[in-house]
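You will see two complexes here that share chain A, one where it goes with chain B and one where it goes with chain C.
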Partner chain A sequence: MIRLLWIDDNLDHDLTEKRMALLMEDDIDSHFARNATEAYYRLLNDPFDIVIFDLRLPPGPDDMWNDDFERGERKFGFVLLKTVSEQRKNGRFEHLTNTRFGVFTIEMRDENPDLFLVPIDLPAQNFEMKTNAYGEDDFINFIRKIHRA
Partner chain B sequence: MESTESSARRQDIRDAFQQISHLPFPVYVSDIAGNFLFANAKARLFFGLETDQGLEGCNIRLYYENPQEREGLLNKIRTVEPGNWLEDLTVRLHVQQEPHKIRFVCQPFFDGNRQLQALLCIGDSMSDLEWFAEFEDTFQAGFFEMDHQLLIADCNATFAKLLHFNSPAEVKGRPVGSLFWEPEKAQALRLEIMEHPHLKDCQLKLRRTDGAMVIVKMSCITTMRDVGEISRVKGVIRDVTFEMIQEEMPVGLFLVNTDQNGKEIFSRVTQALARIFGFDSPDDLLTRAIADFHPSPAAYEAFRGELQKSASLGKPLLDYYMEVQDHHGKRRNVVTNVRYVTDENHHLRVGAAYDVTDHVSRHRRTLEANFSAVLHTYIATINGLRDTLNMLIRAHGHGIRKNDGGVDRLVAAAELNRHRNRFETLFSEMKKIATERGIDSRPLAGVQKYWNNLAATKETEKDNAAWSRRNLIEIRKSLESLKSLPFPRELLKNSRAEADEMLRLTSMISISISVDEINDRIPDFYYFRNYLLRGESMQQEMKATNIVPLMHDALQHLEEFASVNKVSVVQHFNPKEVMLVNCHRSSLSRALHSILHNAIKYSWSKRLEDRPPWIDVRMEKKTTEVEIIVENWGVPIRREELEDGKIFQFGRRGRESEDRGRAGTGIGLYDAFEVIKEHGGHLHLSSEPTFGNQQNIYTNPFITKAFITLPIVP
Partner chain C sequence: MTSLLLFQNPWLSEQWQATAVGIAITYLVFIMGIPALIFQTFIPDSLRSVYNEKFEKTWWQFGLQIILILLLFTLSVPALSNKASEYCHSYSWIVAFFIVVPIIILTWGIIYLKRRFESIRNIEQKLSIRIMDEAIADFSKNKTIDRKIIENMIVLAKELPAGTKRNFFLQECERLLERLLEAPTKIRDTKLIGEILKDVVCLSVTYDRDKFNHENMEKVMDILNLVYHQAYLNGGKEEIGSTYLKTTIANCIKEIAVNAMLKDDLPAVMDAIEKLALIESTHNELYVLGSEALRQDHIQTAVTAAQKLKGKVISSIDKRGIQNSNDKRLFAVWLGLMAKIHQLGGSAQEFAYRQIQLVIEHVSAGQTGEVRALFADSRKHFYQQAEFSTIDAVKSLEQALFPS
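Coming up: the complex of A and B.
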């Protein structure tokens, strides 16, 4: 069973069908978070095999993102991914040591070169762009591919 | 002994006085206290003393405009060696009710202990010209003198400094043409001064030694020889470069002061600023309150708030964009840079204002044209999609359609339930036959799995529909695979028909939800297109209107929306009451509509003790304003969104609004806020947890209130 956390603020709108498709999969135990704060606390407490991040994510209610906000940061999915990656390297999030991170976003790969550098160091195949042509099956295959890698 | 010495000294003083008393100037002697001891006839005449009058009681101090000045002079005189004269002293006296400027020289007399005893003075009244000449080198004006060849014969330090020379000596002897920006113009100047020996405020362009241009205004007096040639030119120049820049620059400069009532007024402005505010002359703008030129008190306060914020950080307020209105009431778009003058305790500020109205209008027009085109295509596409979905409902929605053509989702749900029961019976039959006939039960397990899935309900209607449809498609596929197994054909056929019917119904429900969502959003985009980009016309069309029927109409318009959402509206106002506000009817209707729409949309489906939900609408006429409160029970607005006013920002969608499966567009509240602000009113929201619940737990219902205040027309 693949334990998945999908973090995206559009889960209830454009991504409803993809979300339902995930729920249909017997071997994927899907969990969802809709902002950076909610996701952070889920990650802090629960183990996951795969975490899929949206980059353009709202911060959510916690004060922890205030400094980033002041700095003009608006892509809290990226901030979250960076924060978790850094803290994982520093020994926090022990339960996520083997967790694989993926990015599913409306943005292009070239717009986010930092994703592929330390501390995030995202494998190239773990990045996928949301497009209209990208169907539910493709998305589920993307998750399986990350899991197999 | 003392007396003998004193009398000898007095004799010395008398002798000194008598030696020069015949001079044709006022000559007098005064003691240290200022009492006149001796005065010649000219001095008596000057001070208005009778020739035969004694000098007792006459004191020079009484003539000083400022007696303190004499103390300063005495200190200076004390430094002079006995027997020497101190020259070129000037004082201002007041003699026979007239001010006089006099220049004098004086010789001090000391006693044996070198204490100052008396002053022997020769004075003379000065002309104004002479008086000012005394200060020639300290004036911020350049004095000069030219000879017959127009070579600079003499000049003061300011003249030299103005042209970036180190001293007057460096300028002397230079032809005036060499100081000109265009040297060839020297000849023209010669002709000009020959024609007008008394030249006043002639503008000249000069060149500084560092290459910079100085624009000066020159006034001069020319002495001519008998033969019609120039003998001497004396004149003065004043640097007006920055005055000219200030006047020519299309930027309004201003000085704002606080008057005795604490009102901020224009104390000095340039022509350009006067024009921004619709006046021909800067004088027309003076002493007017700057608040009068802001479109509303709120706008003025917003500007002041920003200014104070910058001032508290010790910074100027830079590039502040605002709307102002000129004295005809016409709106202008202005960018301003302002700073408080140091040490004036925030009572004096200077600044510049740029009129960017044309710039903004041009961009607004472009934006409106381009954005309208995009929006038009978008709305047209969405409308087309909605029509297609409605066609699908018409084609496949038989038995579950309402009179207006939409899907009656309650009927559809009941119908779906009936088909579920039928399918369940058929499926049980199939399982029974499989057991009886020993048919492989594995293909049936697939159907069973998706059938079980179908029983699970999701949080929202939209999710439920999507989930059911997906599982029904799988059930339909699994039933197809049973074809090869020895089940009765009729049983399989009926089961497939039931699954198809359920699929049809869930698809119709799903499509119907989408149509609702589209219907919900489209008006926002229409509003945006029609009004937000043309906000400036609102002011011109405002008139006194009774707001009660406006509210009544908005509620009536939303009646159907409320009934679909099963939300009732409780009105706490008398529909016959008259509350006049100065308003732009359609804009204010739209704002009220948005707020009521939100209150209905974001009500939970059940309220206390499982009662159906309602919203409360209150209107109250107060002394100076109308207060409207719209209250609902359900979806919260987060604390942080309320605190920073983020909820009113354009495009800001309340984080919790997604709870209803249809997040806001981020336009409605922004628009309502702006419209109410335009009307001189205020909109604010509160969202508090219901009794016993915590502030931060947004999964509980909250009571959300929208407070609107609008100034009443007296």
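Coming up: the complex of A and C.
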């Protein structure tokens, strides 16, 4: 069973079909979070095999993002991914040592060169761009591809 | 000097005196009346009384203006003004009085009117900030919050208009809850936090179903989720598991989800199911939501609840196998919900059948006796709840799985 956390603020809007398709998969135990705070606490407490991030994510209610917000940061998915990657290296997220991270976003790969550098160091194949043509099967295959890699 | 020439006698004519008094009274009625009328028309009764308690300290101004007008009125009565003239050697003092006092009243009135309008503007936000500040101050001082302050919060939770204004109030509630959660463990009042969550935060979206708003619901969910996680982190897994805070949060989420379902806000229900599944021992709430969704023909929602229950079943089996009564109850309600989906027939039946086969293989590696015992436990659970239709559904599922 693949334990998946998908973090995206559009889960209730244009991604409902993908969300439902994931829930219908027999071998994927899907979990969802809508903002950076919710996702951070879930990652802090629960183990996952795969975590999929949206980059343009709202911060959510916790004050921990206030400094980034005041600096003008709006891509809290990126901030979260960076924070977790850094803290994972420092041993905070020990239960996520083998967790694979993926990015599923409306932005292009070239717009986010930092994703592929330390500390995030995202493998190129773990990045996928949201487009209208990207169907439910494609998304599930993307998750399986990350899991197999 | 020009004004003095207007008067025929050493004293003001009666006509002029009456006009001055009349203008002052009319103006006073206008400046007091218009804001009061607006206040009365647009602000609900209960909010008005909280506002008056917290902000309305202007009656002394009204009183002083009345006294000035009464003085003018008194002096405009001929008998009294003649008497006054005996004590006043210069009539210009009396004339000046009749000119200056109405000017004071007019100027004062304009300032009063402006301030009054400003104070009525954004009254909801002002009240939210004031009440939460009071609550935080009271908690810092007395380590508790006075019941009167909580009652004011309840009034705001019920009466504020849905949307942005209510979200602002919820934001303030979040500020208060963060302060309560920051308190050291030995003085942290879990019961108080639970009370605010249930009686204020949750109530703000469940009190009036007609005012149900998705934006407000999302905010409430965020707050419940934040409190759960912060209590979980600060207090440890065991504390949250044993306190009533966890149950309060779960009940709030369930109640919100039921309201959202009745308003056909299915994304909100899905979100509620996701949050509920995070909390330990919430299988019963998930079952209730799944059953309610089936009753209202929201199949996707029911399937989501069933899959979340399946996730819990598999994770508890992986941890220790089905051993204690909590695990058995979890399995029983999941089976009950799957049996209801199975009853829908067609593809739903196939889906339910496949899911059960998957879990059964996981539970007992296919040992029929063990699985049938779990079916019996499930029937017993629903018998104790007098859910006879679910017992029948479980029975027919069992017969489909084990035809002999």
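What we mean here is this: the second predicted complex is superposed on the first by the 149 of 149 C-alpha atoms of A that agree within 3 Å, B and C clash if a C-alpha of one lies under 4 Å from a C-alpha of the other, contacts with A are read in each partner's own complex, and residues count from 1 in each chain.
In the analysis below, a residue touches a chain if its C-beta (ideal position, glycine included) is under 8 Å from a C-beta of that chain, and two chains touch if they have at least 3 such contacts.
This structure is a prediction, so every number in the text was calculated from the model and none was measured.
S.K.: Putting chain B and chain C onto chain A via the overlay, clash or fit?
M.R.: Superposition check on chain A flags a clash between chain B and chain C.
S.K.: Touch check for A:111: first (chain B), second (chain C), both, or neither?
M.R.: neither
S.K.: Please tell me which partner, chain B or chain C, touches more residues of chain A.
M.R.: Tallying touched residues of chain A, the top partner is C.
S.K.: Counting only touches as set out at the top, which of chain B and chain C does A:38 meet: first, second, both, neither?
M.R.: A:38 sits against chain C, while chain B stays out of touch.
S.K.: Once the shared chain is lined up, is A:61 touching chain B (first), chain C (second), both, or neither of them?
M.R.: both
S.K.: Give one of first, second, both or neither to describe whether A:17 is in contact with chain B, with chain C, with both, or with none.
M.R.: Only chain B; A:17 stays clear of chain C.
S.K.: So which chain C segment collides with chain B once the two are superposed: 96-104, 240-248, 312-320 or 348-356?
M.R.: Clashing stretch of chain C against chain B: 348-356.
S.K.: Chain A residues touched by both chain B and chain C?
M.R.: Of chain A, residues 12-13, 16, 20, 23-24, 34-35, 60-61 contact chain B in one complex and chain C in the other.
S.K.: Enumerate the contact residues on chain A facing chain C in the complex.
M.R.: Going through chain A, the ones touching chain C are 1, 11-13, 16, 19-20, 23-24, 26, 29-32, 34-35, 37-38, 41-42, 44-45, 60-63.
S.K.: For the complex, which residues does chain A have touching chain B?
M.R.: 12-13, 16-17, 20-21, 23-24, 34-35, 58, 60-61
S.K.: So in the complex, the part of chain C that touches chain A is made up of which residues?
M.R.: Residues 174, 178, 218, 222-223, 225-226, 229, 232-233, 267-268, 270-271, 274, 277-278, 300, 303-304, 307, 311, 314-315, 351, 354-355, 358.
S.K.: Could you list, by residue number, the parts of chain B that touch chain A in their complex?
M.R.: Counting only chain B, the residues touching chain A are 453, 460, 462-463, 466-467, 470-471, 474, 638-640, 655, 658, 661, 663, 696, 698.
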